[in-house]
Amino acid sequence: MEVDSLYQELILDHYKRPHGRGLREPFGAEVHHVNPTCGDEITLRVDLSDDDVVRDVSYDGQGCSISQASASILYEQVVGQSRKDAEGILAAFLELMHGRGQVEPNEEILGDAIAFAGVAKYPARVKCALLSWLAWEDAVLRIRAERNGSNG
Amino acid sequence: MSLTVADGRLDVSSLRHDFPILGRTVRNGNPLVYLDSGATSQKPVQVLDAEREFYEKHNAAVHRGAHLLAEEATDAYEASRSTIAAFIGASADEIVFTKNATEALNLVAFAFGTATALWEHGSGPGPDEDRFVLRPGDEIAVTEFEHHANLVPWQELCRRTGAVLRVITITEGGRLDSASLAAVICERTRVVAFTHQSNVLGTVLPVDQVVAAARAVGALVVLDACQSVPHQKVNVAELGVDLLAFSGHKMLGPTGIGVLWGRNSLLNSMPPFLTGGSMIETVWQYESTFAMAPQRFEAGVPMAAQAVGLAAACDYLESVGLDRITNHEQELTALALAELGAIPGLRVLGPTDTDARGGAVAFTVDGIHPHDVGQLLDDRGIAVRVGHHCAWPLHRRLDAVASTRASFYLYNEASEVHALADGVRAAIKYFGAS
Amino acid sequence: MSLTVADGRLDVSSLRHDFPILGRTVRNGNPLVYLDSGATSQKPVQVLDAEREFYEKHNAAVHRGAHLLAEEATDAYEASRSTIAAFIGASADEIVFTKNATEALNLVAFAFGTATALWEHGSGPGPDEDRFVLRPGDEIAVTEFEHHANLVPWQELCRRTGAVLRVITITEGGRLDSASLAAVICERTRVVAFTHQSNVLGTVLPVDQVVAAARAVGALVVLDACQSVPHQKVNVAELGVDLLAFSGHKMLGPTGIGVLWGRNSLLNSMPPFLTGGSMIETVWQYESTFAMAPQRFEAGVPMAAQAVGLAAACDYLESVGLDRITNHEQELTALALAELGAIPGLRVLGPTDTDARGGAVAFTVDGIHPHDVGQLLDDRGIAVRVGHHCAWPLHRRLDAVASTRASFYLYNEASEVHALADGVRAAIKYFGAS
Amino acid sequence: MEVDSLYQELILDHYKRPHGRGLREPFGAEVHHVNPTCGDEITLRVDLSDDDVVRDVSYDGQGCSISQASASILYEQVVGQSRKDAEGILAAFLELMHGRGQVEPNEEILGDAIAFAGVAKYPARVKCALLSWLAWEDAVLRIRAERNGSNG
């Protein structure tokens, strides 16, 4: 089935047994993102250390297999990374998702997130895969904006 | 055309030849099973040919020229208006062309907004338009069934004018709650806007009951007929509503055209909406007066080719027979309700019999997200809709984030319903749910 | 396609084969001489084929489905947006599809109306939208050139909000009066809305001059580009205006589609206009939030097939070459000005040379009403427009009740200009005037 | 030329030498009508005797040959008639104009107005032919409304 390229084993695994799910303390920012076309939502918290290490990403919400698995893999990939490195992963992930299946995924940077390569061929599912990642980006931006605000 | 078989039922396999897209294969070389007509319908060659003939032979700006082509184009456009009017039992001067049903519903909401703004600024409105002025305390009633197109324009109107939005609720079984109707409609109600047929649950609403309640308090009745006009014989004279909206693309017509129906005198009492060319009577440098309806609401060069296409769609539907189409859809719906209803873990949203119910069947499956169900169906060539179907508050009310929806039309066959049920079972197996 | 001849000029007789309607005969068996492209253009088969292919292969509701057809339809729709954006030097997220230019201009006027109403009712608007709130004393400036589509919406906005309409006048020669521009634009000016090219006089307005005056006082600049985009290379980045509107049907595209261009950040600061499906972010029972532009302004199922057709029209125009088209039209215009200008008793309205002037040539003939001139031309198969061409105040300014207008496009030939002049002379003879 | 069926000799004569043109006193009502598509206008006065005879129709304005000739022929046909008879002529004229060239004109009722039979085949010109006639109808309605008003 063509659809197997979308529903990689790894994605189904993360979907059925998500990692890092649940909202936890402490956190620097909490965001709430919605996918307007389907109504799915995610609440996501990011804890960023003073020296810019992603200490935790915790989340809750509802959504399809792709969005749930994507949040789980986001957790796996970015927690413990420096913010810079995590942003690099995000950039590579965005490029992959918007590549319509034409972009060669970089496994070194993406790790397990390369399992989403097949999603890029299903434009309607790209938003699913991106829901948690864009929430993460937003949360990090807010933390930094707040820090800059209190600095300046 | 002979589109029926001996016993008066539809000859579906013949009429499918009129729809080139239905001969297509999709993913994995599967033949297309199109169960998404609730979103938009496919188009028969008769409609495409009519549009093309207009462009190749008669194209000109309508109502703007005196040369032969302009006459022919105007004739084609106005003849289309008459055809479409007759299709719903109306007369031509009651038909306003819009770009889709959404614009038609907004037109009505903006009539209230404009009349109110003119009143607040002392620059009108005329005595006729007074009916459209919203004063503090005035209320607008909608139902929990509404498509965003018949909800958000009213929310926004309330924000712009200070009017209050009230909501008539639905019962557990997915019917209009009469008690709520009685409780919501009151002397302050100025408009009751509701859907004829739910695009999610298929529920056909009791129009006469709502009309009676609205009439009792002098409220204007606006009907969203997007899901009824394509599928059943709708006669505006019998419905008793004041204004009615539907879209061309859901009834075999082209994209880019919708219809607002209203009695001519009522339309003429509404302030204009979009302004510009062709909708004026006289234009001075600092002020203008306006043409009578329907021209008053058709500013600019209109979607003439699309009107011609929509008229061809009406002709096609008439030639097939609306009643036959309704019956055919009911058979498919009954089959779908039976087959899907038998699947463990599957919950059909809304009425589970075909009583006062059209051919939209939305459902959820325990443990599998609607989008994942839809994806597996798509992989088998079955096109359904997933999500909230532009009825998000209704989904919240039903405790469903989203649903999977199959919707039927004249070109669908029983075998496609079986394919749907098979596909759902396969999806359940694939995701190892229930 | 090889649409040019050796010296780089248009190969008109070849490209005419792409336009089936031009092979038609009209009254008295005369071949059609179509000189009414200013009202609406004819369509090449490439555009008609593109629309038809969409319907026959990819039709589905865009931005609403997850199945293959819906993906393909969405792709086709969004790819069309990119093509059309590139055609005017813009990016895709700056392009809003409307039903015609009239809707696009109304959308802008209603952004002001809505922001003002929300402000007055204390229900918003957000800080971004403040730019669109009109307060007592605020002014809106237009010119005497304006088509009703870029005049009446502003008149009506003033009626709804109490803002004041100001008018920049024209010179005797049919040019924008710089002194009037300087006198009208002031600190109170919030919007300057004007046409790029007059649909009556052909005058091309000095955009930079108007932009400079508007910028100096912080006014928003709205350009009606209906008569420029089809005929000359328009690059929004170079123009410096804030918002720009044009129609598809005047540039070889289908009826039923228009475009509003604006920088994405500006579009996002405007309150929504039509509300309903696909333009929302979240919908609750009593309130909603909205998507970013361009989706924010595209409520309901859009004119997808027409977007595909318009993109095909852009491709066609590009393949012919906009510069070549401009040159070709200039030649025809020069010829028409010379031939018509030589007819005793004939008065050309507006500039009589081709300097900053497009291919609309309107004229009056002493002692013969424009409609009678047009009728005699029609009898010879020559289609021109008669009347005020939706620019009634301009005609009053020129002391003409109405005029006869010939307008040219890529498919017109010098022989057609001769036929026009012959026809006018014959009309003069027929009515025994002058 | 096909167009000769539109521009009958009689129409061109009335156009060049209009009858009854100019605004005169006395009159029961004056109306001003505009043709929105071309901008042409007519000001028209009707003088109706107490016993409902059309004593005068006087008019002024601008317009095309069809509208000018039509006003002139209106004057010819209705002045001196009873209101009832004049309304009969109007009804027959309206029927003819909206008949798309399919209606057989009744010369007995219409008189010279049958010259307009050809106009019905040019839909864009029907409004021209009707401009003065509809103005006349409007003026008569106003006179009668006023009489009823002062009576009732």
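As written, the chain order gives the labels A, B, C and D, with residue 1 at the start of each chain.
Just so we're on the same page, a contact is a pair of C-beta atoms (placed from the backbone, for glycine too) under 8 Å apart; a residue touches a chain by one contact, two chains touch by 3 or more.
Because the structure is predicted, anything quoted here is derived from the model rather than measured.
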Intersection of the contact lists for subunit B and subunit C: A, D
Between the pairs A-B and B-D, the one where more C-beta pairs touch: A-B
Computed distance of Cα centres, subunit B from subunit A, in Å: 38
Chain centre separation (subunit A, subunit D; CA means) in Å: 77
Distance from the mean Cα position of subunit C to that of subunit A, given in whole angstrom: 45
Sequence positions of subunit C contacting 2 or more other chains: 27, 64-66, 70, 280, 282, 371, 375, 378, 386-387, 392
Contacts with two or more other chains, residues of subunit A listed in rising order: 37, 122, 125
Footprint of subunit B on subunit A - complex, ascending: 1-3, 6-7, 12, 16, 37-40, 62-66, 122, 125, 128
Interface residues, subunit C side, partner subunit B - complex: 20-21, 24, 26-27, 32, 34, 36, 39-40, 42-43, 48, 51-52, 55-61, 64-70, 98-103, 105-106, 110, 113-114, 117-118, 120-121, 123-124, 144, 147-153, 155-156, 159-162, 165, 167, 247, 249, 254-258, 272, 274-278, 280, 282-288, 299-306, 371, 374-375, 377-378, 382-387, 390, 392-393, 396
Subunit A-facing residues of subunit B, complex: 27-28, 369-372, 375-376, 378-379, 386-388, 392, 395, 401-402, 430-432
Subunit C partner contacts - residues on subunit A that touch it in the complex: 34, 36-37, 122-125
Residues of subunit B touching subunit D in the complex: 63-66, 70-71, 74-75, 280-282, 291
